[in-house]
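Two complexes are shown next, each including chain A; its partner changes from chain B in the first to chain C in the second.
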Partner chain A sequence: MSNTAVKPRIEKIPLKEKLFHKLPMFLVPVLALAGLAAIGNPSSWLTLTVAGLAMGMMIFIMASGLTVVFGLMDVINFGHGAFVAVGAFVGFTVLAWLAGWTASPSVMLNLAAVLIAILAAMLITGLLGLAFERVIVMPVYGEHLKQILVTMGGLIVAQQMIYVVWGPDELHISRPQALQGSFVIGEAAIEKYRLVAVAIGLALFLAMRHILKKTRIGLLVRAGVENGEMVEALGYRIRRLFLIVFMTGSALAGLGGVMWGLYQETITAHMGSEIMVLVFIVVIIGGLGSVEGCFIGAMLVGLLANYTAFLAPKVALISTIALMVVILMWRPQGLYPVVKAK
Partner chain B sequence: MLTRLLSGDTPRSGLLTALLLIVLISLAFAPFLFPGIRSLETAARICIFIVLVASYDLLLGYAGIVSFAHTMFFGIGAYGTALALSTTGPGYGALIWGTAAGAVVAAVFALAIGLFSLRVKAIFFAMVMLAVASAFAVFVSQMSWLTGGEDGLNYKIPRELTPAFKLIDEKILGVRVNGKLLAYYLVFFVSAILFLVMLRIVNSPFGRTLKAVRDNAFRAEAIGYRVVWYRTTATILSAVMAALAGSLLAIWLRYTGPATTLSMEIMIDILLMVVIGGMGTLYGAVLGATLFILAQTYLQTLMGVAADATSAVPLFSTLVAPERWLLWLGVLFILSVYFFPSGIVGRLRAGRA
Partner chain C sequence: MAEVLLTLSGIHTHIGPYHILQGVDLKVPEGGVTVLLGRNGAGKTTTLRTIMGLWTASKGDIRFDDHLITRLATPEISRRGIALVPEDMGIFTDLTVAENMILAAASGPVDVKRLEWIKELFPPIGTFWNSSAGTLSGGQKQMLSVARAIIEPRRLILIDEPTKGLAPAIIKGMTDALRELKETDTTILLVEQNFAMASGIGDTVAVMDDGRIIHSGSMKELAEDATLQEKLMGLSLEAHQ
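And now, the complex of A and B:
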């Protein structure tokens, strides 16, 4: 091996292709400005925008795992919602145990309780993901029809198991002291928890980008998305990579579940399948397999859902479907099509 | 004659024939064999769900399309009839045009969806349909001025189909011959006819091409069949059948609401029925629907007994609690996708060969 590195020739990217990649990023500010124009009142617009971004971030946390799993393994997990619900239930149970910490005025204790709850939820859903991948998904790699059916079956069983373990009633819990209440900027009230959600989501997005772009495992994942057989031929055990990614995706769903649960303060066993609708819309808008697309899609859906909930509450969910249809008319494979060959 | 009626698609297994005959005879004479309101309700439900599940099998088993929006078409049919009856009052005219309108709307929806999204991959289609169906359900429950929202619609049906109407005064075999009985036989015969029509469809050249498209779309396209056309037509046919089944339910229940027609639970029930009964064969729909609804109605009682018997064992008794019957059907569902993807019917047919 010589030490002289061969410098790759970097070709100039034509403007059209650059635009192809940059264009979707402008959608979020454009939508925000359109929202401002439609709502008129800047302070309620600010409240709604922060709420929309927080909602978008939480959806992104849940959807990112799903989209990476699809990109890498060509598996769509219809049971993903079950991880969200299980995560929320585990998190709430832990928070209930730590009731003394969450009720105390100390910010540190509050945050520690939330952190422990999140870690517990991620651990449990990660392990559940391990079992799910090994038992349910592994025998049906490559068969889409069976995957859809089997993961749906997994969702049914997991939901019923939640009933068995936690009982049929919904759980209520109030947010820790430090995360209650809101800041007031001018006339706009901004809930503290929403800012926390935005911060966590943003941190997660940057971390994911860093891992995917800068680390060895990210390189392998990206290579696997591009051409799994080649990665295998080069001597990497792609099955193990699958498993790691699947578990990470499940753990992220658990994290999203806890955060969504704390946002709503009420959780039910079928919350997962309800939120999966939004998650699917986001994943489709972003382009199956694309993390960046998923992020932009989540922001768009979050903002749009909040704006329309304010302007015309009856059409809130329809508006996100309409957004999906419009995006698919523009780019039939979603904002950033990733999976071309398959 | 009988073979022609079944479009040449005989059950091809002794045991299967016997089971189907048992189902047929039990349903045909349900009011006399199993007197009582609860069993009549169950029998009518089975008839309607056989049509609904068979129409879903047309899509899933024969065309290989996974859609989670089948309840949407079911609901459109039900709401069509319900709205016609509740706005113009009970009459056969309203009944017929409501049903027809429901079927037409379902067909138009299916056409739009087919043209819009059947070109894409199965996974994509399934996800889009899931989103569309849930949006539709929310939409219906929010249009409360028209659909009654979450409460749904209560309405009157023609008097001849209600218990108040007496055809003859004497009882036949101890059963009062009233409008409820007539309504049951309306449901039964319409279901039987719809089932035979579907059997005709899947055994026609069209049905065979559909299977070819399912097994290898690329090859079918290469031979010269227009795959998108076949898939779209299958979607429309299955949507219309589902809408008609919905109308039957609307007539039978005299009530239509989101919970009975549009909910995700019903979609999951249909999925379980198709897969457990057997995909790609309409007889699977008969057995799947019958077993599932019997389980839904009577297994819970059985499980209640089991839960009482094992109440000393803490976790196990909650596992067999009557509310948890879906858990076990879910497990059965996963197992049947793995080990006998052709369902009960496939098993029975293979056992003979």
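And now, the complex of A and C:
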């Protein structure tokens, strides 16, 4: 043998570890296929699948901020639903002001109105997040029980504020012309708005991934989730980083609120606390602190909720809780457990 | 004697209900290596963490370069030029080696020349530049932790047991690197149990026990005085291992 040169050591990631990371990604297609088998009719399945993905994307948008907030500062925020509701009300108010635009046949005006409503909602909920963090969360860092009580209090205050500002009734609004109606593919009807929701959710997920993997602030967030003390010892003010993350998460919850509101076309002051049940399930399934886990969890919950609503309406909510239980039995820390130094 | 860079006077630190540091007095002269010795649980790590602001002293003063830093937050202390290599190394395992280094250069882009120098000191930093830091061996993680601390010029580096659990060949590499670092005007406060290494590199020494400094002086003096070593903590036993 002439080839005696020492080869450089090539790092091999063990198969087990690779599988650990890849397996959860297969869950979504597996669930979709299982849905197809159970439903039988491909057109109904397609409609339900798109509906499920759209719902999942909206939940992901609302949940993503919550999971990073938990990962970074170990803060449990039960008040997150307040941002969803406030966002929806602000968005609806703006859309009501822009009624001329939303009723116009011009697609551009329709979309401009929605965009302005979304930006206004995100701005207000972002600022609300700033106040919420400084006044409610900051005094109770590191104390879980107090966090739960105090943030729940914050949620109640926010809901009462909605009553004060917008009155006790629910609000209705129709989606702008451009977002009404469905595409028909074969026998399946696919609502346009659901496709838009999927597109926005996907774009947001990819943007978030990019930020977390490629930008300094994203690296800091990931480093901070693992070892906040070390991030501080390197000279970064983690409290400020956390505030930015908290505000971003609140603004995203506001965005989710507008999107959810447009989806339902009806909003109430307690919509936030209702949807938070699903949001918490998703965050727990994904692994507290993991954005990717949160995304997969949201898709699973969205699909399952729609499939079961069609197959067995009575067990729809229970099914998502059952999903959580099954996943926690498989991976007690969620799909992607986050590494913590402490 | 050189000027004093860091002074701890009468430092008390509580962790929860425990009174860990009970009046630590320590002077770290500028430009050399000060070794902090002491048996397990003596309070060495707590001392470094208190300097870095990761625990806040309940009493006493810490002066760095004639400024009081006792009550400053950790990031402010870091910005004054103090870096910490913690006992558990504090590697971000979810990030690559490169990303660990990029974050460590907190004040701007990585200085390429300095990075080259670091890669010479610690070749694995270059070899595994794009690997996930979580896949590094213990010794390589230790090198990364020190490399992070020196990617920007620092005035004082606090290093907590850099040779813990390392093979002798790697200990030698680490010692050489610290010696070279010493040449660059960086002051080092080193916690080290390996007396052979500590005495080879240290200029001054302080010995802790039960949350206090029980001896301080020149390293040469202690290294030559077997009785004193014996008396302080049976260190000579370790030295012959």
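Simple rule for what comes next: the second predicted complex is superposed on the first by the 327 of 342 C-alpha atoms of A that agree within 3 Å, B and C clash if a C-alpha of one lies under 4 Å from a C-alpha of the other, contacts with A are read in each partner's own complex, and residues count from 1 in each chain.
Just so it is clear, a contact is a pair of C-beta atoms (placed from the backbone, for glycine too) under 8 Å apart; a residue touches a chain by one contact, two chains touch by 3 or more.
As the structure is a computational prediction, the values presented were derived from the model and not from experiment.
Visitor: Going by the contact rule set out at the top, does A:Leu36 touch chain B (first), chain C (second), both, or neither?
Guide: neither
Visitor: Output check: A:Leu149 vs chain B and chain C. Expected answer is one of first, second, both, neither. What do you get?
Guide: first
Visitor: Regarding the shared-chain residue A:Ile76, is it in contact with chain B (first), chain C (second), both, or neither?
Guide: The first partner, chain B, only.
Visitor: Examine A:Glu229 and indicate which partner it touches, taking first as chain B and second as chain C; both and neither are also allowed.
Guide: second
Visitor: Would you sort A:Met138 into first (chain B), second (chain C), both or neither based on which partner it touches?
Guide: Once the two structures are laid over each other on A, A:Met138 reaches no partner at all.
Visitor: Considering each complex separately, which residues of chain A are in contact with chain B in the first and with chain C in the second?
Guide: Looking at chain A, the two contact sets are disjoint.
Visitor: Show me the residue ranges of chain A that touch chain C in the complex, using the header's touch definition.
Guide: Touching chain C: residues 11, 13, 216, 219-220, 222-223, 225-227, 229-238, 339, 341 of chain A.
Visitor: In the complex formed with chain B, which residues of chain A make contact?
Guide: Going through chain A, the ones touching chain B are 70, 76, 78, 136, 139-140, 144-150, 152-154, 156-157, 160-161, 163-164, 168, 273-274, 276-277, 280-281, 283-284, 288, 314, 317-318, 320-321, 324-325, 332.
Visitor: Touching chain A in the complex: which residues of chain C?
Guide: Touching chain A: residues 52, 54, 73-75, 78-79, 83-84, 86, 88, 90, 92-95, 99, 102-104, 106-107, 128, 131, 134-135, 148 of chain C.
Visitor: In the complex, go through chain B and note every residue touching chain A.
Guide: It is residues 64, 66, 116, 120-124, 126-128, 130-132, 134-135, 138-139, 142-143, 264, 268, 271-272, 275, 315, 318-319, 321, 323-324, 326-327, 329-331, 333-334, 337-338, 341 of chain B that touch chain A.
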